[in-house]
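By written order: A, B and C. Residues from 1 in each chain.
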Amino acid sequence: SVTLFGVFDVSISGYVNKAEDRQFPTQGSATTRRTVLTNSAYHSSRLGFRGTEDLGGGLAAGFWLEGAVNNDDGSGRAIGGGMNWQRRSTVSLSGFFGELRLGRDFTPTSYNDGVFDPFGNNGVGASAVGQANGKRSPGRFQNGFAENRTHIRASNSVSYFLPPNLGGAYGHFMYAFNEAEKYKPAIPGATDGDGALLIRPDSQRTGRYIGARGGYANGPLDVALAYGESTIADDFFDGTTTVLKLWNLGASYDLGTVKLMGEYSNAKAVTDRAHPLHRLAHMPNPGAKGWVLGATLPVGPGIIRASYSRIEYTRLLGATPEPKASQFALGYVHNLSKRTAMYATVARLSNRNGAEERVGGPEHLSSMNGRTLTPTTSTGYDLGIRHAF
Amino acid sequence: SVTLFGVFDVSISGYVNKAEDRQFPTQGSATTRRTVLTNSAYHSSRLGFRGTEDLGGGLAAGFWLEGAVNNDDGSGRAIGGGMNWQRRSTVSLSGFFGELRLGRDFTPTSYNDGVFDPFGNNGVGASAVGQANGKRSPGRFQNGFAENRTHIRASNSVSYFLPPNLGGAYGHFMYAFNEAEKYKPAIPGATDGDGALLIRPDSQRTGRYIGARGGYANGPLDVALAYGESTIADDFFDGTTTVLKLWNLGASYDLGTVKLMGEYSNAKAVTDRAHPLHRLAHMPNPGAKGWVLGATLPVGPGIIRASYSRIEYTRLLGATPEPKASQFALGYVHNLSKRTAMYATVARLSNRNGAEERVGGPEHLSSMNGRTLTPTTSTGYDLGIRHAF
Amino acid sequence: SVTLFGVFDVSISGYVNKAEDRQFPTQGSATTRRTVLTNSAYHSSRLGFRGTEDLGGGLAAGFWLEGAVNNDDGSGRAIGGGMNWQRRSTVSLSGFFGELRLGRDFTPTSYNDGVFDPFGNNGVGASAVGQANGKRSPGRFQNGFAENRTHIRASNSVSYFLPPNLGGAYGHFMYAFNEAEKYKPAIPGATDGDGALLIRPDSQRTGRYIGARGGYANGPLDVALAYGESTIADDFFDGTTTVLKLWNLGASYDLGTVKLMGEYSNAKAVTDRAHPLHRLAHMPNPGAKGWVLGATLPVGPGIIRASYSRIEYTRLLGATPEPKASQFALGYVHNLSKRTAMYATVARLSNRNGAEERVGGPEHLSSMNGRTLTPTTSTGYDLGIRHAF
């Protein structure tokens, strides 16, 4: 009753990332490049164990344990390189009511980034939207949003899935505990300079996630809307809480010869300030919005994939006009069998106004001889094999 | 011939731990609380591989590899969060003579803490005895015993088990190498202020374990006695060696409607001092003694569990009267099948005289506005699902 | 289609390593010793998953994931003790043309060290040749070669194997990417004291491996030659690159009653200096050369194993005469079944002229009361069980 499963995806991949001196263009550009043997450029490499048990009366229990494997060097993704199970680690109860799922899993808001991207958010072709939402905004902007640890997956979560028999409608809700310690009275004695109690009790909120996704899939159409809130920072002593509010809408339509798909995504890092003085001096709420349009085209035993995507950062202090990036990706997957495929992808991304996006590889150089460099293009390719079992 | 097995246990658990200002009781108390999605509150979550081979002539060889899985967040228990196999990792030879087992395994002295506790030493209901023996004694007491790394399991061990056909008698012996380097002559030239050789050769002893357990199980009765010595500290230059000497006695009796069980445990950290001067200035040997009384009561497809346990620290310098804690726990397990169960447990522990025990969750606060706080109660609950395969 | 496999090998092993004061021999010697429960003294302990898929037309795809297990303590080999898959982690395509294999695997140059050593490069009997080539040369010599991380295995590698149907001829080629970042223009602005550009572009080479092995196996004869280059160090600012160039030749001949085998190995760390001034002041290229002669003798269900091996370090500055070590090993393996064996091995190694080799265990002491000690003998034994599945 236990299924052992996995994917091993290996590719030779190369990246060339350019930056230019905009003040003295005659100085030319500086490039960083890297050629690697890597993993997961088509499908994410993994090893897993899963099983279900029929409890009778329509009820079933199940478990799912799945971890990433860096099959290019044999390491796992834990600190130090050990194997862990952080792709998915859940226990489920399911029945007529749907499914209750507990543990670590994808967030509702991360689904659309993968499902409606022809490149499934993997490899050099992964859309700029999916890459940007989980990332810090460009580091040079002081109010950029911090990294979102619950962008793709959340630990310590409780999820509920609607049952599958709803005529094409589907839905999914998740709440993830942040497991913070709470003190009462707060941290006693911490007052500000005026002798007033600076902090509120129970203010450790970072790590919490709440989100939901609903959609409709029937015949050639699939459309889904998701909304989620990730608490990405809070400052106990300043009384501030920053929540990344993210929504996205994706759709695909299968015309038979070609399947079209796209996604729009909008993220904003909203900071709540409990202390009146802080509210006066507040900074704008930085954000990111983007979209991807793509298509997949079956060709014999293979499939051609193409996408165009854009990402734009908004309300970053000192960034006028606003940093943005656009990317074009093209690829071909040749299926040798259901389990084994060879693939090739090329992608080229252009940064504008200080955006620092990449299709992969090392960071853009940021300075040369003491002069500032501005990131421009990022180009890359993947040439690989994916084997599943 | 290889069996893949595991347990995934997930629960929503909450803890509230209080501490009071005993000098100014009007100041009230301070609480720390935490609500989590956690694992192993009923049975320890794990993934394992095991197998046996019939060698003919009654002989068999076998292996067992089993590691903990934190299925709430997908991590393992190695430093950095990787998966390891430290629940059990052994190679065995067995036959008419019994079983010889080499590697990492439970110590003989840890069995009774689990077998004779209705809560199996897991979750908020785990008896105060099992929790306390492996722990440091309260940190504020200068002669408290150090953490015992070989309390529950020992690496690098050689175990011998009696064969099963002895009319109900069973027995088990273990020796664990500490794998220390030994020097001859010791570390040459290390003398004390008087020019005398301060240290003895071969004095690195920390990590060694030796212990045994014997019992009798027949019909409704099961009774077992265990004794073990864990070398928990030695100081090469002072010529001191500290051995935690632990014995415990457990028994259960199944009345049919209800099964009664209990354990008494006594631990003492004995420090041997090789140097005459150190013997004069020695401190008392700190210890801990405790007991648990419990019962399990089958109710239809479920089982009610209850226990009362106490732990008392002895001979701690500056602790008069002696720190102690008592705990009451009550739970219900509802079996959906042999492999899947839902469960609920509540527990409440009361500390006296400075003991700092908890049923789980964050530590008791120790100070507030510069005033010392004394731990009082710890309350918790587990509400979960266990799925085995 | 997935095979779960493994080896668990556990032994009680002991080591005694001596060092002498050569200036004042009457002061006697200093020994370090250790007794342990360890793993992999006969065959390397491991856990693995592998599978192949028939793609039709003579083509096949396959994967292999295999990691070391320290079954004496339940840890893995990642930093922090987690499990990883660094024994082998590959994806393959094979057919009439041979096999293309991508990921982490043994290097071609490491095969002969194992295949032509009666002790398979494991345990106290592992030949001095295999041990020395991958190691730093004795630390006291300033031009000794650095540790070779690609001696036994290489990550990020592309391998090609000849097909098996070549009348006994076999061959194998590997290239491993070092995945370094490359900058153009190099690191801009880095000039030496004369204002000249000190470094060359694209000079980060450490980690690269290229090697090949070819042989012939037919009837009682097996002979193989291997050559490889591991880039073990480069200094970006000095313009130096150090490549460990290694070749070895091994052969075995099965006389029926006894199988004879041997290997010769020669390693040299060659430093290329781009800057003319550095070429003038260069130091000699240190090296190591060694050989092993051995035999295996079937005796009923068991096998006797014996070997004599030598290693000599060459061109180390300040080492005249040259450091060398010789080792004798003798063992017996008793097969209880195809999968389970018991074994015993003893080995004794003698160091001369400052060599610091060991059969295992703690390092030789290097000083006593401020006087320098010179390593002499290292003696050890393994007494264990190996169980495979």
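By our rule, a residue touches a chain if its C-beta (ideal position, glycine included) is under 8 Å from a C-beta of that chain, and two chains touch if they have at least 3 such contacts.
Not measured: the values here are computed from a predicted model.
Asker: Chain touch graph shape: choose line, ring, star, complete or other and state it.
Answerer: Graph shape here is complete: every pair of chains touches.
Asker: Rounding to the nearest 5 degrees, give the angle of the rotation that lays the CA atoms of subunit A over those of subunit B.
Answerer: Superposing the C-alpha atoms of subunit A on subunit B needs a rotation of 120 degrees.
Asker: How would you label the subunit B and subunit C contact, same or different, if same means the shared numbers make up over half of all numbers there?
Answerer: Copies use mostly different positions to touch.
Asker: Find the geometric centre of each of subunit B and subunit C from their Cα atoms only, then give the gap between the two centres in Å, rounded to an integer.
Answerer: The computed centroid separation for subunit B versus subunit C comes out at 41 Å.
Asker: Enumerate the residues of subunit B that touch no fewer than two other chains.
Answerer: 4, 76, 78-84
Asker: Going by the contact rule at the top, pick out the subunit B residues touching subunit A in the complex.
Answerer: Going through subunit B, the ones touching subunit A are 4, 6, 8-10, 12, 30-38, 47, 69-76, 78-84, 336-337, 339-340, 361-362, 365, 368-370, 385, 387, 389.
Asker: For the complex, which residues does subunit A have touching subunit B?
Answerer: Its residues touching subunit B are 1-2, 4, 49, 51, 53, 55-56, 59, 61-63, 65, 67, 76, 78-91, 93, 102-104, 155-158, 176-177, 179-185, 188-189.
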